[in-house]
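Lettered A, B and C in written order, each chain numbered from 1.
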Amino acid sequence: MIEARGIVKRFGDFTALDSVSVEVEAGSLTALLGPSGSGKSTLLRVIAGLERPDAGQVCLERRDVTALAPQQRGVGFVFQHYAAFKHMTVWENVAFGLKIRRRPRAEVKHRVGELLELVQLARLGDRYPAQLSGGQRQRMGLARALAVDPKVLLLDEPFGALDARVRKELRAWLRRLHDETHTTTVIVTHDQEEAMEVADRVVVMNGGRIEQTAPPRELYDHPANEFVMSFVGPVNRLGDAFIRPHDIELLVEPNGATQEAMVQRLVHLGFEVRVELVRDDGEVLSAQLTREQVEALELQRGQIVYVRPMRQTVFAD
Amino acid sequence: MAANAQALPAPRARRSAAPGLAIGLSTLYLSVIVLLPLAALASRAHGWDAITSAQATSALRLTLLVSLTVALINAVAGTAIAWTLVRDRFLGQGFVNALVDLPFALPTIVAGLTLLTLYRDVAFTRWAILLALLFVTLPFVVRTVQPVLLELDTEMEDAAASLGASRLATFRRVILPNIFPAILSGVALAFARAVGEFGSVVLISGNLPFKTEVASVYVFGRIESGDTGGAAAASVVILAISCGVLLTIGGVRRWATRHDR
Amino acid sequence: MIGRYVLRFAALGYIAALLATPVGYVFGKTFGHGFWPAWHGVATPDAVHALKLTLIIAAIAVPANTIFGVLAALAIVRHRFPGAGIFNAVVDLPLALSPVVVGLALLLLYGRGGWLGGHHVLFALPGMVLATMLVCLPFVVREVVPVLREIGTEQEQAAATLGASALQTFVRVTWPAIRWATAFGVVLGTARALGEFGAVSVVSGRLAEQTETLTLYVQDRYQAFDETGAYASAVVLALIAVTTLLLMTALKPKEETR
């Protein structure tokens, strides 16, 4: 398990982490989610020992490692741009940690073979990183980090440099891997879909502070503030209230506390339809309906409809 | 037709003139300035005793020995200096960085004179030659390694640290293999320079035959005694050996960068 | 941690012992007796003539080399021609040649009995200029070639599609991109030209007041046991070298942030 308490980190005038505390349960997969500059990568690097905090404490498995170098922490780190040893083959890259620890040849051979099988790079052992695709290089990076049986696995936007399809594949693959190995894992990402899909718990960060820590479902259903709510999903604003697109009901006739709006555009996204509406005062709303609902209402461009929130959230300031 | 506002310039056959001019003129210049004299040198080389005499072989052996030593010392010192200039931070770093280029800028005769003034005790010994050659070759390895160190991805070093490698292991297994080709380039340049060096050595070494006479001074001696044929023969041999060493270093360099292709 | 200080100390110590201390010592020795004795040591007619000769040689050799350098760089990078590889190798050749060998080659070519002999090239200005041109040859080319490679041909192609002739393209598009690299190469080449010793030593005949450059003058004074004269003229050359260093330092960042 990982405990970080009161971490402060400044780069010159810029405060990357403003007294951040977080706890990661052993065996869980936790995501650090936030926009660029939120401090999530910095926090990860502090946990790894690649950055020294100006204040605060880091404990791994109840051991205070704040003063320890990365070599001594037993963490596995996977980098966004792979950090591949470009002068070594894939095999040598994965074997690196084991060779440093002077493991016997036979053990190294066995372990590396096992890992290359696991990440499906078994036939590419003799290639150099320059000859691999991005996805292959990152799988190599993962195998390399896992080779030394780390107590904690840290991934810094591991799929950020890859294209969308490869990203989705590797995301699912990472979750399956975690379910098998149960290594305590922390993944940094700015992609909320990725965090929600892969993690047991999500830590939402903004401007060097933690906004909320919760399982994905709770984050979505009970966001702590406006920032979290708009970061984890699309949101409409009506005065003080925040409403999810799928919580907007559209009626053909006015009924009680409904508001008038005009259908501006219908975007058909397979099973769902995004209905873009505009009110008298120019305010734009976005509702999410199923195909059947749209057909039942016979919605068309330019049509006047009546909007009612089925559920809304208001935050006390 | 009239509606077409923009008239294109009339096509000319100018495309073929400019490249031809550049290639032609520069080849002419190169031939007259470099190739012709070297051809004259090769054609007038004769006289085996100029190459095989005891004095000649002694000068050649001394030159090669000292030049290789200097190249190796530079490999270490140059890398250390490049490292300090790139990875370290200290007051006056910019000044030191500029100072490294001094041997490029300073006339060799002045270099020899300044070394002679301070290190009088080594004058007329082989150490004087070593000293002079170290002076003139200082910038080579530094300047080839520096840009590579600047471009080096520090994430590789972070990765090595996270995998348990100590600073020394990281240097040996990650950094060094990546700067090795640059070190080799610098070594080749330093070696070539050292073999032919004249101005800085001629004052400080005393030019004692069989003791402190380097190849270039030997050749100069042959010229002064009117044996230009012999001097040319010796020059050709020295050039051939230099080329051999440089080609070998080039080959090693190509092997060391095979992962980049 | 300690390692960093050890390395810094070792590297700086090496530079201090090899470079800084000797040069500083010479400056000290030269001006040790005051400025005027040093001035007198260098203000002799022979020395002044030597300096003038050195400057004239550089004034001819460097511009010629610069034009060649830019043309050659364009030829190598932009217009791939058969033999470009050999051309490139020959351009680098002067860096591997001993100055004495350079002088010898010229001696054999232009001397009595040589292919181009009997035209009063040797033991006179033309010979020394030719020697200097040979040794300075690579500098501008080597600085401009990487820049040309890096900027690529896209801008030049764009200019062509917009109607620019080859000359206009060069002046308006190519030259602005390579001018700092060229300047840097010129500075290096000039420093080399002013400091040339071995080759001119062979081709000049060493006739004082006629074919003695400042570098030859330094050796001449030293061998005549005129230490003050030798050091004073050495210091003049050293001051020129320092100016060169300052120019190099000023031009380097411009060269790197194209």
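FYI, a contact is a pair of C-beta atoms (placed from the backbone, for glycine too) under 8 Å apart; a residue touches a chain by one contact, two chains touch by 3 or more.
Keep in mind that this is a model prediction, so the values were computed, not measured.
Asks: State the chain with the largest centre-to-centre distance from subunit A, centres being mean CA positions.
Replies: Looking at centroid distances, C is the chain farthest away.
Asks: Most central chain by CA mean?
Replies: Most central by this criterion: B.
Asks: Mind checking the centre-to-centre distance between subunit B and subunit C? Centres are C-alpha means, answer in whole Å.
Replies: 15
Asks: Need the CA-centroid distance for the pair subunit A / subunit C, whole Å please.
Replies: The answer is 58 Å.
Asks: How many angstrom between the C-alpha centroids of subunit B and subunit A?
Replies: Measuring from centre to centre gives 52 Å for this pair.
Asks: Where in subunit A do residues touch two or more other chains at once?
Replies: As it turns out, subunit A has no residue touching two or more other chains.
Asks: Which of the residues in subunit B end up touching subunit A in this complex?
Replies: Per the stated touch rule, the residues are 153, 155-156, 158-166, 169, 173-174, 177-178, 259-261.
Asks: For the complex, give me every residue of subunit A touching subunit B.
Replies: Going through subunit A, the ones touching subunit B are 48-50, 69-71, 75-77, 79, 81, 83-89, 96-97, 100-101, 128, 130, 141, 144-145, 147-148.
Asks: Where on subunit C does subunit B make contact in their complex?
Replies: Subunit C reaches subunit B through residues 3-4, 7-8, 10-12, 14-15, 18-23, 25-26, 29, 64, 68, 71-72, 74-75, 78-79, 81, 87, 90-91, 93-109, 111, 114-116, 130, 133-134, 137, 163, 165-167, 188, 191, 194-198, 201-202, 215, 218-219, 222, 230-231, 234, 237-238, 241-242, 244-246, 248-249.
Asks: State the interface residues of subunit B toward subunit C in the complex, per the touch definition above.
Replies: Where subunit B meets subunit C, its residues are 8-9, 12, 14-15, 17-19, 21-23, 25-27, 29-30, 33-38, 40-41, 44, 77, 80-81, 83-84, 88, 90, 94, 96-110, 113-115, 117-119, 131, 134-135, 138, 167, 189, 192-193, 195-199, 202-203, 215-217, 219-220, 223, 228, 231-232, 235, 238-239, 242-243, 246.
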